[in-house]
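In this document, chain identifiers A, B, C, D and E correspond to the written order of the chains, with residue numbering beginning at 1 in each.
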């Protein structure tokens, strides 16, 4: 396991007692405000000395209260993007960005300064001091500072919260690239369903200081019993390969013999991709529908229908492309007479497979970089 | 050669003149460190690089002598001084200082400015004189003590205190005060400024300057400042 | 400085030298002590704090006397230093020591206040970026407390320029060696007719200190703007 | 106009030159990071003294450089939720919350303390100091502090950015209530399409310090030429009335004779509602579709088809319930042979009309409060 | 305090009274002056700043003399005050004035540093919530600078306890009225053999100041924790 976290710590009115193991990739920590996310990240960073616990990254023990081992933060080779910026007010933006580099070992793999600056759109700010930057500008500089520190472990506490959608869409692929190409383990706190769905290799849900669910993203998000991010987070992840780019701006993907159409992707034909299809974006049809504007129609067999207290039901459908989840009303499920074992069609609007929900799959290092996203 | 003299600060003017003329005629250089006698004495105790000490207070010289820090036989009483009663203003009526002086009436609700009566020589002499005249008891509550004579004089000069007891040497040059009366010389122990050669190292210049201090030119300078020269 | 005699010029220059050295040498130590007092808990914390404030509490004459007893040629420390060839007693170096010690509590307080105002979160952030405690101090804490160092420095410099009681008691009042401006002023005040000369020197002292003050205000404002991050 | 804003101000590398007039309600300011939103809000608050300009609220001039009128901030009766919290560190949470009240006129209408505290879920924090609160907790206290100041103008600079979805969903209705019941003008900065769509009466788009678009929310968001929040923001707003609450947890709404089904709403039958239907949630069908899980099918006539450079096309459909927008691919539009004037069916999944997108309509004061949302 | 004679006890109590009043009365004025220096630009800024530092720069005797000239019964201010029934000359009130003036620069610097460290954004926030400038100061700035006020206060108190030169020059040494601990100590040091008595008083002064220091540290820590918001 890349990231092994066991932490117990008590504040007067709050106790954190969290354990999880995560494989390489991005581990997204989520949970409601006050559930202990920042506290957990601080413990991993060494800013909080927990009463008890052990944290290891790629087998490298950062601390172990049992073995009385404690690496101070500056030996942990971190890139920590704080929830509140924490830029150095006396340094200009450039110096803030370069700060971690002064202390990184010479031979550490370094992110390219210019590239990070371009990505974050902070080129014009380099000679300014943080005091008069806008909220989002500060946050972007903070991201850059962490990325440029040549970290062996990246901690990101809601790094994108202050950014506009367009900027987020530009920065997200960079985290994916870190995950895939540079293979840095990343602990990422997020409230956003789209971010979680897109980035997470592993999802860890916290509630009042305890881990309520931890596991591979696809599994946790596809589990109708877990909708910690709101109903909108449920969804399924399909593995697909880029087939061709059509002139009308659409890209065709192949998945298990089925063809899926999404807005143009910047990936060469043959590239393996991960597509996320949110459960609430899927309509079910008993018959193969005709004359619909939706381009993606995936036939499959109903595996399971779960309904909770609310009016909704979550239907799992096994298709040739993989498992697809559909969130429909109980009323529809009844009206359509849906039962496990029945054949059914999942109708997905191509535009519902939005850029946010398409990410480079794991293990495709070097094929896609942020520059091409 | 250089001679270092530790001298009571009240000798500044005289020493300035003496040193200037001595240097001109002897070719030796003399540096004078001016501070309170107590500080200078303590410094000498702690090995200060002084060759000659002129104290405003025989007690400190006694101490050094007892500790063997003085060149045997070098101690002399160099100068004498007298005490005066000064009054604020330029036209104060003269008074006769004797057992009959009604000092409290003179003061009214004003203060009598003196140097610290138990620790600073001018204050000690002043208190002794008042006690001798039988005036101390009644005037004691009205005494304002300063850390040195000059501060006491300043109180009279500014009019904060209508009267003060200071050295004759100090009173003369301050034109905001009048000397109202002089204390009889026998009303207090003699006011003496002893000088001595210190027992650390010796040089010809040191001897030379000691001699010069007791000579005619020095005498003139001291007398110009109002001191009585005792050495002969 | 035509109207200043050579002795007076000498006293002025000596005062400047003494005060500058006292401040410059005192500052690094003051930063260290202030940091220790502000950030560390250790046995003897209260004692150190008390010791630092001592020169403020004691009448200067007492401080001077204690210095004389300790650093004089016969004193325990003075004797050792003398073996090493460092003589403080009755030298300008001793005057600098006295001025430095008298100014020390002022340096420490100002710097300590600044250190306590530094957000530890920034220091933590520097730590996560790989800076060791020393580097955090040098690259984050130190620049952020510069206003306090400037403020403490000017306060200390002013105090050193005005220091008299401890200096004259410790190193006496030897022209060219230990006769600083305040000692010279004192000497003038001890004799009839010296007032005018004393006040001339007071004016000189005030002018110098005002110049230093203006300079420090200017530096302080620049530094503050820098630190405020604008 | 409730809010009249004209502001010109220059920083070394940035110039704000923005003017707009907004009717009562919530004016949402959006634009990319660094576009000048906070600067504009600061000018309205009086924290920035602009070189030139005039701001008036309900005809009450806050400043006018022409008339040399300048009200200091403390006379403006503001509730300003800052982008960075700015809680008073020396006061506990309760004192922070009460701060504005100390200075409000006695007779000012006051939000109920207990209600605001409950809404924000900060009851357990009242005796704590802000220093050790979590990011979201701080933000909630900051919201409370502004709300409780009995303001005549509420300024909210990304107030919900640090909050989880569930918490946001709880707080949003409160802003709606302020807009509708209390009728305080609100200037609200947001990056979130859902928030904009839900709250905005008026939308003002900023770009590099200039207003690029300002107008009623429905108009701006329905304008396919303006997709400043990303393609996902386009959508249409329908007026509807609650018909009945079914047992299966769904609520049926009537709009222009058509019935729409949404997850249960806490509103009495007869209540007027505003529904937002996002364009990307709509599928079009030439024929009336059968056997689909989607419950809402709105027949209508195509008014307009717009397509830009991308693969998408935005189709406006006039239905009996009102105008509906559908975002589909150009490929589908071609394949289906869509033309203006044709009859077509908009298929909307009931669950796509998520709670986030349902809000009390304007002018329905008193009918719905946050307590019932 | 059995081993302290009645006169010495009197001197100790007087010193405490003088120092407390000097500090307590000096603080509000120091806060005002520090605020003006930190936050306002006005003609005479540099002058005020210089004036505040003056007692630090001048030898204490000079300060005392200037006080005498100004606040003495014949001085321009002293005469007016006397008409109002306020007498400073030869009274403990005058000692408190001297001590207060000598301590003033220390108070101002510490408080000014703290004021400069207050984030103006918090003050702005208070303004948007309806607090006038005065209320912003009272409810936000003042509580936030409490650590500086405490630090300045203890520094000033210590200085006041040790002040000697200006006091004795201005108000002389009158047992029960103006004979403070340092005056008593000084007097003992002037006579051969007085060291022992002087050092006994020094110990008393040190003990009192240390107690004050410990108290202020404790208060300071509490206040700082409060302000840090934990």
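In the analysis below, contacts are C-beta pairs under 8 Å (C-beta built on N, C-alpha and C of every residue); 3 or more make two chains touch, one makes a residue touch a chain.
Per UniProt, the chains are A, D = Molybdate transport system ATP-binding protein; C, E = Molybdenum transport system permease.
Keep in mind that what you see is a predicted model, and the values were worked out from it rather than measured.
Common neighbours of subunit A and subunit D, by the contact definition above: there are none. Across all inter-chain contacts, the pair with the most C-beta pairs is A-D.
Centre to centre, using the average C-alpha position, subunit C and subunit E are separated by 20 Å. As a whole-number value, the distance joining the C-alpha centres of subunit B and subunit D reads 90 Å. With centres set at the average Cα position, the gap from subunit B to subunit C is 34 Å. Within subunit D, contacts with two or more other chains are made by residues 84, 132.
In subunit C, the residues that reach two or more other chains under the touch definition are 61, 65, 186, 189. Of all residues in subunit B, none touches 2 or more other chains. Listed by chain label, the pairs that touch are A-C, A-D, B-C, B-E, C-E, D-E.
Considering their complex, residues 61, 64-65, 68-69, 72-75, 89-90, 168-169, 172-179, 183, 186-194 of subunit C touch subunit B.
Only residues 36, 38, 41, 59-60, 62-63, 111, 113, 116, 118-120, 143-147, 151-152, 154-155, 158-160 of subunit B touch subunit E when the two sit together in their complex.
Within the complex formed with subunit A, the subunit D residues making contact are 11, 13, 30-34, 37-39, 83-84, 124, 128, 132, 134-137, 139-140, 157-158, 161-167, 169, 191, 193, 229-232, 246, 248-250, 261, 263-264, 280-281, 283-287, 289-295, 309-312, 326-334, 336, 338, 347, 349-352, 354. Listed in rising order, the residues of subunit C touching subunit E in the complex are 46, 49-50, 53-62, 65, 105-106, 109-110, 112-114, 116-117, 147-148, 151-152, 154-155, 158-159, 161-162, 164-165, 182, 185-186, 189, 198, 202, 205-206, 209-210, 213-214, 217, 224. Considering their complex, residues 121-122, 124-133, 135-136, 139-140, 143-144, 226-230 of subunit E touch subunit D.
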